[in-house]
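Worksheet for the structure shown next.
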Amino acid sequence: MFNFRTSLGQAEFENPIFTASGCAGSGKELAQFFDLTELGAVVTKSIMLKARSGRATPRMAETPSGMLNSIGLQGPGIDLFLEKDISWLRDQGARIVVSIAGESVEDYAVLARKLRAVQGISALEVNISCPNVENRGQVFACQPATARAAIEAVRRNIGGELPIIAKLTPDVTSIVEIAEEVVAAGADALALINTVLGMVIDTNTMRPKLAGKTGGLSGPAIRPVAVRAIYQVHEALPNVKILGMGGVASGRDAFELILAGASAVSVGTATFGNPTAVIKIKEELQTQLIAHGFDSLREAVGYAHRKDGNQ
Amino acid sequence: MAEIVSNKKVGAYHHIVFAVGELAKFAKPGNFVAIAVGGESSSMVLRRAFAIYRAFDRGTNGGLLEIVVAPHGAGSTWLTNQSVGFKVDLIAPLGTAFGIPTEPIRALLVGGGYGSAPLFGLSEVLKNRGCRVDMVLGASTAMKIYAPLDGKRSVSSLTITTEDGTTGITGKVTDVLPGIIETNQIDIIYSCGPMGMLEAINQIATDLGVVHQCAVEESMACGIGVCMTCVLPIRGEDGEIRMLRSCIDGPVVDGSSVIWNSKRQIPEGTWGAN
Amino acid sequence: MFNFRTSLGQAEFENPIFTASGCAGSGKELAQFFDLTELGAVVTKSIMLKARSGRATPRMAETPSGMLNSIGLQGPGIDLFLEKDISWLRDQGARIVVSIAGESVEDYAVLARKLRAVQGISALEVNISCPNVENRGQVFACQPATARAAIEAVRRNIGGELPIIAKLTPDVTSIVEIAEEVVAAGADALALINTVLGMVIDTNTMRPKLAGKTGGLSGPAIRPVAVRAIYQVHEALPNVKILGMGGVASGRDAFELILAGASAVSVGTATFGNPTAVIKIKEELQTQLIAHGFDSLREAVGYAHRKDGNQ
Amino acid sequence: MAEIVSNKKVGAYHHIVFAVGELAKFAKPGNFVAIAVGGESSSMVLRRAFAIYRAFDRGTNGGLLEIVVAPHGAGSTWLTNQSVGFKVDLIAPLGTAFGIPTEPIRALLVGGGYGSAPLFGLSEVLKNRGCRVDMVLGASTAMKIYAPLDGKRSVSSLTITTEDGTTGITGKVTDVLPGIIETNQIDIIYSCGPMGMLEAINQIATDLGVVHQCAVEESMACGIGVCMTCVLPIRGEDGEIRMLRSCIDGPVVDGSSVIWNSKRQIPEGTWGAN
């Protein structure tokens, strides 16, 4: 019997294919297409302390093999979210990873306190790729010190139960350095990678296409960047579990991230092109793993790092 | 997968018919389809949305679904170049539909460019409900007026405007609207077309106190409500302005609830704006 | 009459479309397809002090809308290069931008001295996206201090004539910071962007596809990153000319980089798909500029930054 | 742009013919073509290389160029799926050609899989020079032996090997080579196929003192010599090993000059290695 189970920190999952934060709505929208319990986990869109309108439109631009988005974390705020979305997901029997985002270290602390006693959550994904209003809008995940501060705030307030998955941006000089820092600050696992900062200029209007000017690049275009980041971090921190993401659109792609060192894989942009992409990817991945002779997912994690045989 | 059973050039557009089986019976006027473009190894990762022009439920023979496509950029041009027999990856029906009155009222359907497409199916439904249906179609030029013969026959009056005067009245649809609304004592306007046109129609509807349902067109990444790219500010019944998804809370929305001309800025007072 | 001329530092060019370093061989190979004088300039592959075999193969992997390469700066070394390639290019009447790369600050200094008296060169492109053997193989362009040191070494040794174009990598937390540093160190212009670090794992062999494991991602996939980098740097340093590059495959793409702030545009990967891509792009760009009502290229440079009109 | 005038499945392969006009007359056995794949909005940015199977210069009627394609990944599969009438973006001829002896010597042509394709054109040229031509083709299984009838007729002897024994002798081409070389007193071997096979053939050629020209197959990004991705280590006449481009210094190279089995490492002593 093939063993598809995986874990991130102390949390266990039936299979390694998750939705990506911000790419699965509240879960309800996808539940029309398949049963959410088929997923390793639903990762919710990053939730903030208060309700947010998000950025003005246009919020997206298609790019070669990818897209830019600047949603700006539109959402109802943590209280309404807990009241409505979480309870609905729990009722479906879905495994839930809650993604949180803050504008200040204090925000992260408060969010963690609000979540510590909530039932039915498997893990917290801490999105630190957001602008820090206390520090000239600099993104938390871009500097070791601010990345550390955000994760520490969550660690101190979450209690001992819920695993913390720190989500990092690839837009840094050394992602390994940031990874080491957040692990030292108490992250149990890492989510790699968030979108890559990009811009599209509309050559008709001759202005940035997005109202927010820059946006996050996602989709297959960035997969080589994701694989590189996962490989580098797994090489440096082989004992820290990684939730990989970035341009995964097939079982082959998920397998690639797993070989690089991911213990689970989130699917984002591919869902926009195909609402049932996650299910297709899960099935294709299992087929690939079995075809390559693996008895379990775990054996394949980081397999591309093996030293035996000729290089 | 839906097979192309017909693909014909009509003026500036392509009228494309797909064999879609069962799902044709769920399609209502106002709904749209989302089609993957570019083929197997496409660099275009997002689907393209097209308003459903008509849908035929043909039971065991399988249903048909029709759209009208303007070749614009790479995605729509690719689609118009596909031949009969080619199978496309198509999801449908998506989004909200035009609200159908229970009373036999007087409706004015206003379409801009390919925006006329969903109005013909709507017109038939309205006629079946005993409504009087007038129609105004506008475009920059004659080639961009989409008005097939059988569609024309389904309405009580059809007025056409083109900006260059190549057919019909020279001008914009909004030039003729006030007159028609008054003459025909219109109760409701249904519109579909470019956002600027919808906004102008909405102004007239508001001024003349006519109900206005419009099908908006925002850039959509997913078409199914999961990505939040397609939002527009809409005032709810509670008076609160929220950024709603035009793919699932639309594309058909109440014109008077939309905060128009809000591209590139969040309207003041929107829920969650800071 | 439409004016297509442009300049980078003190160097003037007939038109703004250049080849990208490392993507045009020695010039000879492309000369079979068109006359090199049609180009704004030929940018040579980065030349080092000594002959280099480059990296082992495989050296490339195709990726969605892009490719990875790890050529490892294969080349004959500066002396043979000056003797053969430069004189040949000069004989063709081509405008020449020489790209140099070093493994140490001293290398850059020596390369600059060897080039200062060479006739027929329009500018120097200084590729500082190479590993610094004196600093644990850290890439020069990744740290302000090493980036500065390399450019200073060139500045001190080149004499007053030849403009220095510093070529930066996007793989940094703040490309504006590095840009400011190299301009302070004496760079006259900037080349943005070099490839993005990536990796592909071959799911058959279950190992990194490239012998060098990681490689540089180029092609349309990275264009949004290039546009963003150019836009950010032009915003911060509006008076510093930029040679833009990254995924340009059409006149529309070149126009996009120019609107973002590039005064000239290099074409790399597109040449691999189409040997005459540079010529096609040049013609399409001119058509686009004229269609948008520009009388000269210069007017379009950075036009997306304009403040007038509604945003 | 070259129009597909024929596309037929032959065993595991597709035999595709293009109308290429004038350029057919420049094609020599060993040369290759580079074809853009995936269509207008393809996510595949690089061309695919295919050995020229045959080329016909037909004067004013325009020339024909033929290739044999194994559907493998996305690019080759796309190509095999294109229909007659479709126009592909094709550059040809590229690379070096097999060296043709001036004397009527005895040649052995060895092909692996689709590697047989360029050998048939070569065989004709050699026959016209008065050479005796023997041929050995090998593959894993019968479906992967490409040996069309008229091709077979052009050689003095044809030996086939398959690893699974579905046709010909069970085994590899290298199992039968020594015998054939000795029996037929072979002067020169021309080979085309997977790198592992070429290496094994080269060992035999070296051991038996036979000249060996082989067409190598390295991943190529540009095919025209500008990218340096396709290199392999080759010992020059001066004894120096250099990383040479297989797209312009190859694909046909002297087997004895190649430093074999050097994937993933630069051979010691290579010029510029450090």
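Should a chain be cited, it is by its letter among A, B, C and D, assigned in written order, with residues numbered from 1 in that chain.
What we mean here is this: contacts are C-beta pairs under 8 Å (C-beta built on N, C-alpha and C of every residue); 3 or more make two chains touch, one makes a residue touch a chain.
Just so it is clear, the structure is predicted and the values come from calculations on it, not from any experiment.
J.: When contacts are scored as defined above, which chain pair ends up with more C-beta pairs, A-D or C-D?
T.: Counting C-beta pairs in contact, C-D comes out ahead.
J.: Measuring centre to centre with CA averages, how many angstrom lie between chain A and chain C?
T.: Computed from C-alpha means, the inter-chain centre distance equals 33 Å.
J.: Express in whole angstrom the distance between the two chain centres, defined as the mean CA positions of chain B and chain D.
T.: Computed value for the inter-centroid distance: 55 Å.
J.: Report the inter-chain centroid distance for chain A and chain D in whole angstrom, where each centroid is the mean of the CA atoms.
T.: Here the centre of chain D sits 46 Å away from the centre of chain A.
J.: Mind checking the centre-to-centre distance between chain C and chain D? Centres are C-alpha means, answer in whole Å.
T.: Chain centroid spacing, chain C to chain D, equals 36 Å.
J.: Touching two or more other chains, which residues of chain C qualify?
T.: 64-66, 211, 219-220, 311
J.: If a residue has to touch 2 or more other chains to count, which residues of chain D qualify?
T.: Counting only residues that touch two or more other chains, chain D contributes 43-44, 264.
J.: Which word fits how the chains touch one another: line, ring, star, complete or other?
T.: If you draw each chain as a dot and join those that touch, every dot ends up joined to every other.
J.: Under the touch definition given earlier, write down the residues of chain A that touch chain B in their complex.
T.: 22-25, 29-30, 32-33, 45, 50-62, 64-67, 69, 71, 74-77, 211, 219-220, 249, 269-275
J.: Over in the complex, which chain D residues touch chain B? Could you list them?
T.: Per the stated touch rule, the residues are 37-44, 74-75, 78.
J.: Quick one: in the complex, what on chain A touches chain C?
T.: Listed in rising order, the residues of chain A that touch chain C are 63-66, 68, 142-143, 171-174, 196-201, 203, 206-208, 211, 213-214, 217, 219-225, 227-228, 231, 247, 252, 255-256, 259-260, 288, 292, 303-304, 311.
J.: Residues of chain D touching chain C in their complex?
T.: 36, 43-47, 89, 91, 218-219, 221-229, 231-232, 242-243, 248, 262-266, 270-274
J.: For the complex, which residues does chain D have touching chain A?
T.: Those in contact with chain A are residues 43, 264.
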